[in-house]
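What follows is a pair of complexes built around subunit A, which joins subunit B in one and subunit C in the other.
Right, the complex of A and B next:
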């Protein structure tokens, strides 16, 4: 309607408005062409491999369409990898998100050394899993500092077993995943107008009431997104499950099962099927969390950034 | 569970520094219960700093604040029990209008039925009964503003602080809200401190004005006092004395001064000592009278004439080259010659070396 009135003067009576104006009416303009490289890129690097893997998973070496999936869910050795992975990924993601909240809450204002502290908190992102695993072995391994200290001071008699099992992988996931969650939570927090808390304070709310009634409810949608991303990172754990875990037993995660099928048994079809299952589980959890999020207030939080 | 009323709020030389810079220095002011005070000044003059210090959102760098004989400057904001209206309203976006208004009462653990009555009462007062269950984002600017005010007064705080509450509204709504705030103040008698950069707003609403410049008080007085007797050139410039004419001093005696320039001779009133060789004559555009009686007559040539309904706002040049602005009901046009006069008691003379108001250049 707006374009129609705008073009009256330029278009001779009875003639249709130009193509450009008609496209603009439907919200299309040439700037959209800039999206083409992105779409092509996404198509080549994500959609195509995904569809290829899907069809591969449906064409097992022998048997029918869904044989691979049937095998996976009937073989407890394979099926249990789902539970193993969830029991690592969910606690790690939850811990990372929840631990980020108080730290980010303290750090949302402006203060001295903020940059230094943020940098220190974020460094593990740059380390990579292998270096982290190395550090973990040095720190909490059977001959690491922690155990030496505890044994020397007679706190314990036997070294604690903290790596090459469930705990080693969990620690590694926390160390590498925390900075990521922290940065996200910090940016969500600084998007909340600080005047809201100030207003609550003037109206008589102490710090706990301010957090509980103002900041936290406004932060929850952001926490849900942070949880989803942290969970996806943790769920696809692979290197640390091998390096500081027990890849044949306690930490045989789903990605190890996929790797095993595809690159040790050379059953690409089965490997693809496991990957598809892995993807479906991640999407399922994300859908659950986002569904719950949609029941929250998600409007503008009044912040400037 | 009404908050205790007080008879006197005393600011004793309060100050606030940001690093090396003093945003507010040595503000002393005694406010009587029920009074409406406006803190007036351009942005960066320290008026919002003063308000935040009062609310407890900024710690003081010096001085003390007393509510009768209770010192309150060490208390956190939640322990002071004041009400505050923020410039951007700061409504809680996830709460309905009703929940927003009830927040202060909830924090005070008001019983449920009393809370409901009082929220209803205030919502009626600000005419928001029909919007109770909407979210703030569904309201217009003026309605949001009324929620912010309702939220700040529902628990009848001893002191209401308002930080430029009307600056985000359009001109018409601003006028309406101005009256409404004044009306609320008259019916509830809540002591109010109102921060603004708009002198008209301050003059029309406040019982007393505090004019600030660079964190330093320039003048404290009733609207009458500040309007008619600005303490210095800065306050005069802020109060709408748009003509600031720098002339040579011919003589000064007993509160009178005579200033001269080429073809012009002006006599006016002085408030402080004028012992500089140059002085500034501050004159309101509406105080010039076309074809008025002597003294202080000067012939000018019209350069710009703006239509303002019943009257014209005219920019004209004096023989010495100074531009003056005056209002007149006469229909003047560019190029016309006119003789204007101004009564000597309407000419305020200040030393030329005093700082000027920021408006002088533009207004």
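Right, the complex of A and C next:
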């Protein structure tokens, strides 16, 4: 990177470096100016609103500094949204990551149709919440194909209730979250040098031993990142909790509470406070996962761990 | 990806990989993948079928088929205007995010400087934190500035996650370009602008296109931020779709389905275009076995 500076030494002693070289030298400084628009933009539209929200949350319409936070944690209707959100987000993220591992492990090499399968997996990204929600209602709803099939084949007598409750939202989170987690895990797996596993195979290790002792430890950093990203996706569930969930009861997640406070009760102060709590919980869980990860193997994985 | 280029030692049998159905594990894994795709296919099929159905309740297939729901939805939700707004927002976001993001990505990819970690975290946070979390304070600020409800407000809000996204996608693309090429151009007297326009620009076109299409998809599909900052005249298609389901009033479900199908079809076209430029697994990390 400092090649340009090094060339200055080549100029004959006593003579000033040529304009060309001095410009090249200064170019190093000017390159950093390229960052300015991005940093200013994020400062104005990301950092400032965040600080503004924090300040707003500390200035409730009535009461003291931490009144909003006290209300949130003392009102069980609000406090329980944390538990509701976690009980949706954690299982969904865990499922998406854990189901991805064996499938990605099978698909890590080269084989025919690999490109087709990875392309097909991108389809759920295009679905959008509304089509997913409508599809779920029509597919696993009381009159949907799934219940019809199960009832007609006498597997069950009564249709299963799988929408407008916890399960509907969980399905929706898996449909949209699984492909994302899978593609991430697959890319981390492809980043592990296959020669390591071949070496183990030469030494006589079976596939389980190779997976447990070689591939899995190298994959853990990637899995931690994948879990965090999947969790963030699932944690912020808002539209599907309304569309296929039970937004007043079983799936009243924290984002619904925040939206309700800010834009239905027009209590921006409370809305901001709930947003801050939401952000804090999420960053706390991410810190926990990444902290756990740092106790595992740390070294070159070939990919960007 | 290029693992097969390395000649395997002769002890290990050469791997000509086709899906293995031989082992129990293979059957289970491929069965699960198959089940997921079957579920996905059935899910899409029900919505598409319903959007063409006259009536459909409780039977295996709709009673009869019609295509008038598409016309009805188009007229009722004023889709030509909604799509125009969506296109305006998306194109503005792509253009501005690229203009701000690519130079920043260049500086981050090429230079080590004090405070780089802080800047990197600043660019990572809007991607890590879900939009609904920072969207509420952001919308509050935009309301205070009287920008919320207008197209400008929606564009500004959508830029918050997309500028860092462009930076993140572009950094690996820029790192792949040998800095010696630029050094050579500099030695020959090219200014930074010339290097950008005549050396880096052409080399970065595939990356910029990939980032651009992905930002387009993200913006068209971005529900939370647009929902929080848009007004009646500045709603993009996702927000209108959500409003059609969740908002007040009774509508034929087929109309909503027709609109959802239109939305998904256009998103798919854009994603397939994006996939021509990038391999989905390479989006996240470059493969380290070259």
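To be clear about the criterion, the second predicted complex is superposed on the first by the 271 of 305 C-alpha atoms of A that agree within 3 Å, B and C clash if a C-alpha of one lies under 4 Å from a C-alpha of the other, contacts with A are read in each partner's own complex, and residues count from 1 in each chain.
Everything that follows uses one rule, which is that contacts are C-beta pairs under 8 Å (C-beta built on N, C-alpha and C of every residue); 3 or more make two chains touch, one makes a residue touch a chain.
Treat the numbers as computed from the prediction; the structure is a model and nothing was measured.
Touch criterion met: A:127 reaches subunit C, while subunit B stays clear of it.
Of the two partners subunit B and subunit C, more residues of subunit A are touched by C. Touch criterion met: A:200 reaches subunit B, while subunit C stays clear of it. Once the two complexes are laid over each other on the shared chain, residue contacts for A:214 go to subunit B alone; subunit C is not touched.
According to the touch criterion, the shared surface of subunit A, contacted by subunit B in one complex and subunit C in the other, consists of residues 193, 195, 198, 201-202, 302.
Residue ranges of subunit A in contact with subunit C, taken from their complex: 1, 3-4, 7, 20, 23-24, 27-28, 30-32, 34-35, 37-39, 41-42, 45-50, 52-54, 56, 99, 102-103, 106, 109-113, 115, 117-136, 138-139, 143-145, 148, 175, 178, 183-184, 186-188, 190-191, 193-195, 198, 201-202, 228-229, 232-233, 235-236, 238-239, 242-243, 255, 258-259, 262-263, 268, 271-272, 274-275, 278-279, 282-283, 286, 302-304.
Contact residues on subunit B toward subunit A in their complex (touch as defined above): 55-57, 76-78, 80-84, 86, 88, 90, 92-94, 103-104, 107-108, 135, 137, 151-152, 155, 161.
Across the interface of their complex, subunit B is touched by residues 193, 195-196, 198-206, 209, 213-214, 217-218, 297, 299-302 of subunit A. Put simply, subunit C touches subunit A in their complex at residues 1, 3-4, 6, 8-9, 11-12, 15, 17-20, 25-26, 28-30, 32-33, 36-37, 39-40, 42-44, 46-47, 50, 57-58, 60, 99-101, 103-104, 106-108, 110-113, 119, 122-123, 125-126, 128-134, 136-141, 156-157, 159-160, 163-164, 167, 179, 183, 186-187, 189, 191-192, 217, 221, 223-224, 227-228, 238, 241-242, 244-246, 253, 256-257, 260-261, 263-264, 267-268, 270-272, 275, 279-289.
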